[in-house]
Structures are given as C-alpha cells and as structure tokens.
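Order as written gives the chain letters A, B and C; numbering starts at 1 within each chain.
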C-alpha cells in the first residue's frame, strides 16, 4: 500500500504571497486527478510531494518518509514525477539512453536498467523508437519517452503533470490504459490535468484546488456532482455530463458508454 | 520579473537625452585613463557621483560599490605590497609593509573603477532601456541589434526560471546536483543539454513570431512612442566629444 | 469571394523523404471559419505554415503546387508581404512575446512599427485590437506577468492589429487551462464577426464544432474530407484517421439520434438541446 500524507502543509516562496494553505490529504492507491485553474497551486503541491520544495509549515510523508529529511534525488526511487515539457529533461542522443538515465542514477545495474527501460518503452508503445534520437520525435512522442523514463525507475508512486497536452485521441487512449494498468499493479498515480473528459473517464478520485486550497476532494463521481463548486474553481463539467443534463439526467454520468446505457433505458 | 535596473524618479538626469548620458558615460569612463592624474580622475569621479545624487539614485549604487569592494581591496594589497616600483615604506600591518608608490597607483585604479561604475550607473539607473535603444535605433543603429540588446534583458530572467525547471526535472530522475565538486561536474551535461536545446527551440519559435510581425520589413520603421523631449541634446554631446578629443591631444603633446 | 485557394500543394521538409503535404487542394470563402483536424503527424501544422509563407520561405524543403492567400501567391511573395494578409498564432504564448517591450500596449504595436505606419494610425489600430480582445484593462501590464490565456490573447492582438484578412491558429489553446481556452475561443468568434477568415488547428472538437463552418480532415499529408462539421463528424471511418467525434455525436450515433434538418448526427450541445426540445 502506497501513501502520501500531508499534515497542515502551507507553502510560500516569499513571506507575502501564500501559495498553499493548510493542506491535509491522505492519498492512497486510487488513481487521483488534481484539477484547478493555472495558479491554483497544483504544481507547487506536486513539487512538495516530490521533495523539490519543502513545506514552509507542516510535514509531508511519502510512504512514511518525511520529505524534509531527504533530497529530491534520494526520493527519486520512491516517487516519480513526469514534467509537463519533455524539453526540460531530454539530453541524450538515443531514446534508450534517455530512458536508462534515471534507473542508472538510482543504482540499478546496467542489465536491470536496460531491461526496465525496454519494458517501460513497451508500455507506451515506443519500443520501436529505442535507437532514434529523441529530438527527431514529435512532441507527443517525446512526452511518451519522458513517461517511460520515469516508469523505468519503477517508483511505487507516479505523478503526471498535464500528460494529455499535445496528445491526439490515440495518445489519450494510451495514457488512459497506462494509468489504469499502473493502478492495477498497485502503484499510486496522481495527475495534474485540465481535460475534464479525461478526468471523468480515468480517475477514481478527484481533488479540486482553488487559490492554494483544496476546496473539494472525493470520488470523481461525487466531485462532479457539485457543479457550483466546480464552477467556482472556473472549471467545466465533462461534456457527457453537460449532455446528460439536456436529457434531464441529474445524477453524475462519467463516460460516454454510461450515458448511452442510461439513455437506452429511457 | 524584469531585469532592468532602471529606477523611476523625477529628476533632471532622468529627463536628459539618453544619448548624451551614454556619451558622458563613455567619455567619463575613458578619460581618466588617458590623463593619468589623481586630482583629475578624482574630480571626474565626484562629477559622476554628483550626477547619481542629482538623479536620486545614489543609494541604488551602494550595493554595487560594496560588491566591488573585494576587487578594490585586492588592488590595494597587491599594489601596496608587491608593485615593482615600491621603495618608500608607508606603514606596516603586522609583518607586512605597504609602500607609498604602490598605494598611489592603487588609489588611482580605485578612483577610476569607482568613477567607471558611477558613470555606468548614471546611464543604467536613470534611463529606461527601451528609451536608450530607441534613441540608438533612431540614430541609425540596426533595429536588429536594438532588438537583441533589448530582448536579452528580458530573456535572461526567463532563462533562469527555465534552468530551475530543468534542474527539478533531472533531480526527479535521481540526479544529485548538490554536494561534492565531482557530483556537480557530473550533473553539468544533463543540465546544460536541455538548456541549450530549449533555448534553440524558443529562439526558433520567437523568430517565427517576429517574422510574422513584419520584423524583416524593408520599410522604414516608425515608433509608437512620442518623441520624448529630452534635455541636454546634441550640443552637449558635441561638447563631450570635444572634451574627449581634447584629452587625447593633451596626452599626445604631454 | 475566395480568400484562400490551395491547388495541388505538395511539400516535404528538408532532409526528409516523406511528403508532409500530399496533393492538397481546397478553397475557403471570405469570413469562413475552418477547423483543421487529424491525428499527430497528419500535416496540420505544415498546412498552417504553408498558408503563412513560412513554408517554404522560412523552412525550405521541396514545394509543388500553388497557394493563393487573398489573391497573393505565397511562393512568389515574402513572409513580410504575406504577414499583412495572413496572421499566424501558435501554441506557445511565451515564444510569441517579442521580449523587447515592457507593456501590453507596446507589445501589440510591435508589428505596426515594423510596417512603418504613422504614429496616429498605430495608436488607432492598437486601441481597436485591444478592445476586440478585451485587453484594455491590462494594457499597461508587463507581458510576461500575464496568465497563459491573457498572453495568448496579447499574441492574437499583436497579429490582428496588422489587419490581416486571414488568421491561422495552430493549437492556440493546448497550453491553456479551461478558462484561458474559453477566452481564446470567444475571441475567435468575435474576430469572425469582424469578417476575418479563420483557420484553426484544434483537438478540442466539442468546442470548434460550435463555430466552424467547415472541417478539414487530414491524414498522412492528404486531405480526406472538407465539409460541414455534421458531415465530417458523422463519417463511419473517422476512427481510421485517429479521430474521435465530439462526445455529443458519439452518444447520438450509438442511439441513432439524427438531426432531421441535416440528416446527420448532431455535433454540438446546442443542437442536441434543440432536438430534445423539439421532441418534447
């Protein structure tokens, strides 16, 4: 069982502006989406989880380890973070070398690192590009390479920052399945994301952030039932829910298939 | 975040022609080297400092003076103790003797440095960078060079935030970036690689954006901002240049 | 009047063997909004760039066929000439800021200074585009201090101030949050009302189905379809091209709810709402 626990966590870069206020969360194995406007504090929160920032007040435990006592690099084998922009990490001339960089850093043997990297590339359907130069790939492929580079380190907790940016429908489907598979393997998956349709279809739990605070947290189905709070955070309901309302369905509907089944009964 | 050091104040120095200030800065910085005289250099230094005071920006210079203190002290020590012309001992500090000749040379160097910093301060602290660039472009400097100078001031802070993100991304993959020198050296390539590639990509994207906004137009560029009325224009620039030429002539016939 | 004529356009990037654009032909009428869709690598960006003249003038490569924008043949004109007819906005708002200006107002004026317009005209046009993009309240702000959505609107304002008759947007909302995206979509519709012809590359089909007159479907550099959204999104083979129709269309297709007026599945929430109302 993997767990992130925060206790009264607050954070500010300088004394004047508080970025996060009194965050108390326990995140366990359910795939969880973190949603909210830009500037709501989502990225800061995951940086705190990752140990890249330390809380100004309060404590964060990653599987029992207090992030204040470890460097980000030391936490790397326990919690992986895929950054939004692939350009922020790619520096090797071969995809396979890029993916193996993390595993080697955390002390895997060359054979083990290679094996894990190939496995990870397979999971994102990129193994056929293993000898290509990552800079020759398009943005969505680069993003998949960076995802593989974290998967290969095999951390029990994985965070994605806006994984669907630049992905077409094929890429989104791939990511949806990947997140489900990782959850089935017992990993804790967190994702910062703006795509509400993707949230509804993929995540069991959703956390809504607004101006540095968690204003809503619960099973995705219950979260989207609170339309007023979603609107307050300047977010939209998933398109299926908007459509369901037109047909007079007031309960939460999360997927296209679910809506179809509901409507077939009417 | 902006990288301009400009301090908005209402003063006669702020209202002066940027080109005149730039000319002053260059002339005042160079002339004390042409005329190697303590008193002369000291007067120029006082002049530069009084311009800072007049522009109400002297306080902003203090941190810069303090920063340069390290260099100044080094000069005093090296010249005062080791200069080859040293013969007349002036005072002792423990077992170390400081000599008059060396200290005289050191003091001239110090005056020149403080003067140079102050003269640059006059331009940088009291002139909006785009006022200066626009003035230079109007004078015939290529708008491209003007753009490069102007944009560097804004792009450097952008780059430093990019470096922060890259560092985070690599630390997330288990790269140690702190600690021993060998650790830091090993971390260099994984950090600098993405910085270079990202900058190249950003530069390419920005050049597309500029291209699409007519940056390469052959037509004569116009300026949005009103011709600001500045004090101390052309005649003063000429006067400064004459002083400069005068100094050279003095030096030749010396 | 035809604003854009693309005739048998073929293009391949330097150093590559595959055609990024393979024999594309279509025409766009004045004031139309065209949505360009297709999976990644289908040629959407290449097509956008070839309307701005950046292909072939900036990128080089092999080029065949003809592109006319507002009567001007792209191959024989400079990017500067074309830029007064065709505006171009892309995904990354940061790289579209000139980084040489200190206020939104000056940023928007940049292109006009390059065009060599008189100061009074510059001011008139900047005021006009700031108003159109609802940026007046932040005109004195430093561009890099803005949110993504605001910055993207400033980028559009800077291009629109040059009064192009055609605006090409390549995934303008992909890096924005829902609110920022909505701002940009609103703006696109008000620009269309000004009579500007618009081509937009976008993955958010539910959004563009609302205001696009036509959808241009690309696959492996070829034009598969160029038709009304209802027709394109009702195609049985859309999956083969890596495209999922809008949620509304998917649900209606499964339930076989067609719009009797068009004979196609509905593509927008508004259309579904109307159908439900009529049914009652």
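In this text, contacts are C-beta pairs under 8 Å (C-beta built on N, C-alpha and C of every residue); 3 or more make two chains touch, one makes a residue touch a chain.
These numbers come from a predicted model, not from an experiment.
When C-beta pairs in contact are tallied for each pair of chains, B-C comes out on top. Farthest from subunit A in terms of Cα centroid separation is B.
Separating the centre of subunit A from that of subunit B, both taken as means of CA atoms, is a distance of 45 Å. For this pair, subunit A with subunit C, the centres built from the Cα atoms lie 30 Å apart. The multi-chain contact residues of subunit B, meaning those touching 2 or more other chains, do not exist; every residue touches at most one other chain. Residues 47, 50, 52, 71-73, 76-77, 80-81, 83, 85, 87-92, 101-102, 105-106, 135, 149-150, 153 of subunit A are the ones touching subunit B in the complex.
Only residues 37-39, 138-140, 165-171, 194, 196-197, 234-236, 239-240, 242-243, 246-247, 256, 259-260, 263-264 of subunit A touch subunit C when the two sit together in their complex. Listed in rising order, the residues of subunit C touching subunit A in the complex are 39-41, 91, 147-148, 171, 174-180, 203, 206, 242-244, 246-248, 250-251, 254-255, 269, 272-273, 276. Partner subunit A is touched in their complex by these residues of subunit B: 162, 165-166, 168-178, 189-190, 193-194, 197-198, 201. Residues of subunit B touching subunit C in their complex: 1-2, 4, 128, 130, 147, 150-151, 154-155, 158, 202, 205-206, 208-226.
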